[in-house]
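So, here's a batch of structures to check.
One chain, chain A, appears in both complexes that follow, with chain B as partner in the first and chain C in the second.
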Partner chain A sequence: MNTSHFVPRRLRGWVLPLLLLALWSWAAGALDSPLLVSPLAVWQRGLVQLAGGELWQALSASLWRDACGFVLGAGAGLAFGALLGASRGFERLVGPSFHTLKQISLFAWIPMLTMWFGLGEAAKIAFVALAAFFPVVLNTCEGLRGVPREWLEVARVHGFGRWQLLRRVIAPAAAPSIFTGLQLALIYTWLATLGAEYLLASGQGIGNTLIDGREQFQIDLVLFGVVVIGLVGFGLNSALAAVERRLLSWRERTVARY
Partner chain B sequence: MTNATTLAIQGLNKRYEVKGQALPVLQDINLEIARGEFVSIVGASGCGKSTLLRLIVGLEHEYQGQILLDGQRITGTSLNRGIVFQEHRLFPWLTVEKNIALGLLNSSLSEAAKRVTVREHIELVGLQGFEQAYPHQLSGGMSQRVAIARALANRPEILVLDEPFGALDALTRSHLQQELRRIWQQEGITMILVTHDVEEAIYLGDRVVVMEPRPGRIRRTVPVGLDHPRERQSRAFNAIKDEVLAEFGGHGAELLEPSRPRAEPAIEFKPWQFAI
Partner chain C sequence: MNRYSNAGWLWAWPFPLAVLALWQLSAARGWVPEQVLPAPAQVWATFAELARSGELWEHLRISLVRVLAGFGIGLGAGLALGAALGLSPTLRDYVFPLFKAFSQVPVLGWLPLLMLLVGIDEGLKFLLIAKATLVPVVVNTCQGIAGVPQRYIEVARVCRYSRWQLLGRVVLPAAIAPIWNGVRYGLTHAWLALVVVELLASSEGIGFLIVYGRQLFQLDVVLAAVLAVGIVGFVLDRALARTEAWLLRWRQPGL
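Then we have the complex of A and B:
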């Protein structure tokens, strides 16, 4: 018997998760330990969180933080990256400093950020913004610099002015790279949002839900939080991939694979 | 057709600075081209033929001597001089129609007239039905037709073509040569074609300019003087071919190696690493 046709191709991605879920169910029943609860218990905890409004409260606080940090960090990153990519003088002036700073682990900024901004919302958003800033700067700069000379010559032959050159050639040519930067920023900001909530544990957020679960020894709450975080990350990436497919439909490949 | 000179190149010299040393690329080039004429330029790689075209279009500057278009010295690019490169250089984010329209961005035509011109030029190169196609959906030959349409849309006084069919397969190439001849006769635009293909040069040109390298000079100009359409198998055609090849001293085939087509401008996507 040929087993490769046992599961339709479209559904093959589901095989492993379902097997793991079954294994998890079985292990939870067999071990009967408070450290591992069954998927059903996690599901029920989820329903309770959803009904009581706690989930929405935590999730909206996290997403708001994520969005603020993303907009600030990516916005600054676009401007800074554009300058870095467009001006050789600016690159010589600040390039080396920037390339040094980007090597510093993001989490090493936390002590400094808390001293400047305290433990509240401002420090968290600053941290999230920093996570968005670096990939956007690098990819914007790279995108602008990587516009092929051949295309610039086409623009010259047709007498394009500076603005025409920027709008008709440089911006679209750099768009895929800029999009990669934004995509990475979106992933990193969600990671950083969780990191900020976990390390600066005041206020609300899905990260705080995890902390609460741990402190109250509710493993079902912790697992539920992990599932939500994973789903949000997946959702953000899918949303951006859909936007990319629309905006960059002229390309046959996608950057939404990281 | 008048025989008035449109492009006059007089005592042209061009050199590049390489590691502080002057490297002559073109030496004492003299060439007069009449309005509506088709001039082919052949030569070994390194003979400066591409540089000559780039000077005429205005993509290269700083030269000694004169390049005059209707008596005006050429400085910089202008819409009355078009170019078709070896690679099509279409913008991949634009459809065929919009790629051609982009050539008209700075034309003085009204928007309505531009639309008409784009449609006419799509018809001229025989790409009706592909208006909405993206470059990645086209074959190499079709892409090069779009590039020709884009270059012609402004109705330039001169069109220069830098090995435009060099990267195409033999069948497509011969088909596009016929197409180019038809377009040239139909539009009456002065054309200068650089090629490594002697047959192509004779098939299309009123004259074949043979250049030699290091430094780039004109060795000889061979008039063709055959009626169109030219028969490649004919005795007269082959006599001219022998005459041109003789200028390469018997080992013409070696000297006339095609310059390697440049790869499509590719954008690299690198996920940037940084510490997290």
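Then we have the complex of A and C:
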């Protein structure tokens, strides 16, 4: 990396994408293939979608689905994961069944869910919730399980009450793992939202935009959809990371005070 | 692995058996129509029938070949990229943002595009499964290597370890747990990607069997195929967990 000294650190991330973009523009101009549309065409298509309002309609439908499923699934997952992590007996009774059920590939649930919930919105949201449920359970459980025994002993020596123990020791110790679970859940729910929209193709959503684009052989529309999907995924993750930083800064302060 | 000791296994049975009994009972009493939830006995009969006729094995074989090929490609590329990114902060500065952007688009986002670009043949399946494997492997390998505690490396410096000794004796053992985690996630994602790509664009394989059963409204076929998907996923994960226990066996006495 000879150039490493010439590019300021903050700008280094842009080098490769810009090179790729340049290569793509050049290739789209030089090779005349219907499969290679120029970045400019994708941009223009994006502007049309934005101006026409189709994008917002599709996106808001998808995001609403995603949010409903995430809240339902992550909420249930936190409760179930906490039980699994805190209670040895519950873990023994239900843990193996859960771990077996988890092995069923997520998308294999869709055909069953459509039988139970129909082909509409309910099945989609149920599926998205299921996608959030598993990673949250696993990481919540692991986070609680991973609290070092010594910390609990120290807390006991200090005569911490149940609530103090939970709030000052267990929650801060388990928070990073729980956040990993939530972050995974966000990734999975976004994946599941798309999957639900592909497989239950009725209704609106960004996934429908993509399959429509594919059926009509509009590569620019498909590429624009891919960019939007990536941006949304990025936005969701950044939002969660910001929340995590806030909560973890609270943790560091608490720790620092002692 | 004491969680799976003999006593643990005994504890595991009451809950699923109770659920099965309730399920069978509700099917026998007709509380739920057969089209919505066929009896477990019937699902089992269908499963046995599919296995006896060889149909199940043929679909499974096709699916497994796809998964292993895609997983192999993704794993190799992921370990190499992840290790490079973990070891070189400069490379990380350049490549990680692009990789991050690439990984923001889930497998399913790429699917319609790839269907246009490479068609719906085996190539599409390999590519998607490889992509699904690649992302967690790269992230975990990179974080695992970059996250090796500084003091370990300082100790190694004090001991005048050479570069290779440092990598082999300090960095790799310290990073193997997160790396292996990535490999396990990679395999889970590969299996996930396989099923979804077979649901959407395939005329054979275990995912296709599920769609096929759904189209014919034969939920017993769907559930039997899902059962097979679950069993294979379980076996794959167990195999990796076993390997992990073996790889990390040196840690046991330390703890």
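Assume the second predicted complex is superposed on the first by the 245 of 258 C-alpha atoms of A that agree within 3 Å, B and C clash if a C-alpha of one lies under 4 Å from a C-alpha of the other, contacts with A are read in each partner's own complex, and residues count from 1 in each chain.
To be clear about the criterion, a contact is a pair of C-beta atoms (placed from the backbone, for glycine too) under 8 Å apart; a residue touches a chain by one contact, two chains touch by 3 or more.
Note that the structure is predicted; figures quoted are calculated from it, not measured.
A.B. asks: Of the two partner chains, chain B (first) and chain C (second), which one does A:Ile219 touch, if any: first, second, both, or neither?
C.D. replies: Only chain C; A:Ile219 stays clear of chain B.
A.B. asks: After the superposition on A, what does A:Thr180 contact: first (chain B), second (chain C), both or neither?
C.D. replies: So A:Thr180 only meets chain B here.
A.B. asks: For A:Trp56, using the defined touch cut-off, is the partner it touches chain B, chain C, both, or neither? Pick first, second, both or neither.
C.D. replies: neither
A.B. asks: Given the touch rule stated above, what does A:Phe160 touch, chain B (first), chain C (second), both, or neither?
C.D. replies: Only chain B is touched by A:Phe160; chain C is not.
A.B. asks: Report for A:Val169: first if it touches chain B alone, second if chain C alone, otherwise both or neither.
C.D. replies: In the superposed model, A:Val169 contacts chain B only, not chain C.
A.B. asks: Is A:Leu138 touching anything from chain B or chain C once the two structures are fitted on A? First, second, both or neither.
C.D. replies: Only chain B is touched by A:Leu138; chain C is not.
A.B. asks: Can A:Leu191 be said to touch chain B (first), chain C (second), both, or neither?
C.D. replies: After superposition on chain A, A:Leu191 lies in contact with both partners, chain B and chain C.
A.B. asks: Tell me which partner touches more residues of chain A in the superposed arrangement, chain B or chain C.
C.D. replies: C
A.B. asks: Can A:Leu106 be said to touch chain B (first), chain C (second), both, or neither?
C.D. replies: Both: A:Leu106 reaches chain B and chain C.
A.B. asks: Share the list of chain A residues that count as touching for chain B in one structure and for chain C in the other.
C.D. replies: Shared contact residues on chain A (touching chain B in one complex, chain C in the other): 103-107, 191.
A.B. asks: Would you pull the chain B residues touching chain A in the complex into a rising list?
C.D. replies: Residues 57-59, 77-79, 81-83, 85, 87, 89, 91-94, 102-103, 105-106, 134, 136, 154, 262, 265-272, 274-276 of chain B touch chain A in their complex.
A.B. asks: Considering only the defined contacts, which chain C positions touch chain A in the complex?
C.D. replies: 3, 8-9, 11-12, 14-16, 19, 35-37, 88, 90-91, 93-98, 100-101, 104-113, 115-117, 191-192, 194-196, 199-200, 207, 210-211, 213-214, 219, 222-223, 225-226, 229-231, 233-234, 237
A.B. asks: Using the touch definition from the top, list the residues of chain A that touch chain B in their complex.
C.D. replies: Counting only chain A, the residues touching chain B are 102-107, 131, 134-135, 138-139, 142-143, 146, 148, 150-151, 153-154, 156-161, 164, 168-169, 172-173, 175-177, 180-181, 184, 188, 191, 248, 250-252, 255, 258.
A.B. asks: Which residues of chain A touch chain C once you look at their complex with the stated criterion?
C.D. replies: 1, 4, 9, 12-17, 20, 35, 92-97, 100-101, 103-112, 114-116, 187, 190-191, 194-195, 198-199, 207, 210-211, 213-214, 217, 219, 222-223, 225-226, 229-231, 233-234, 237
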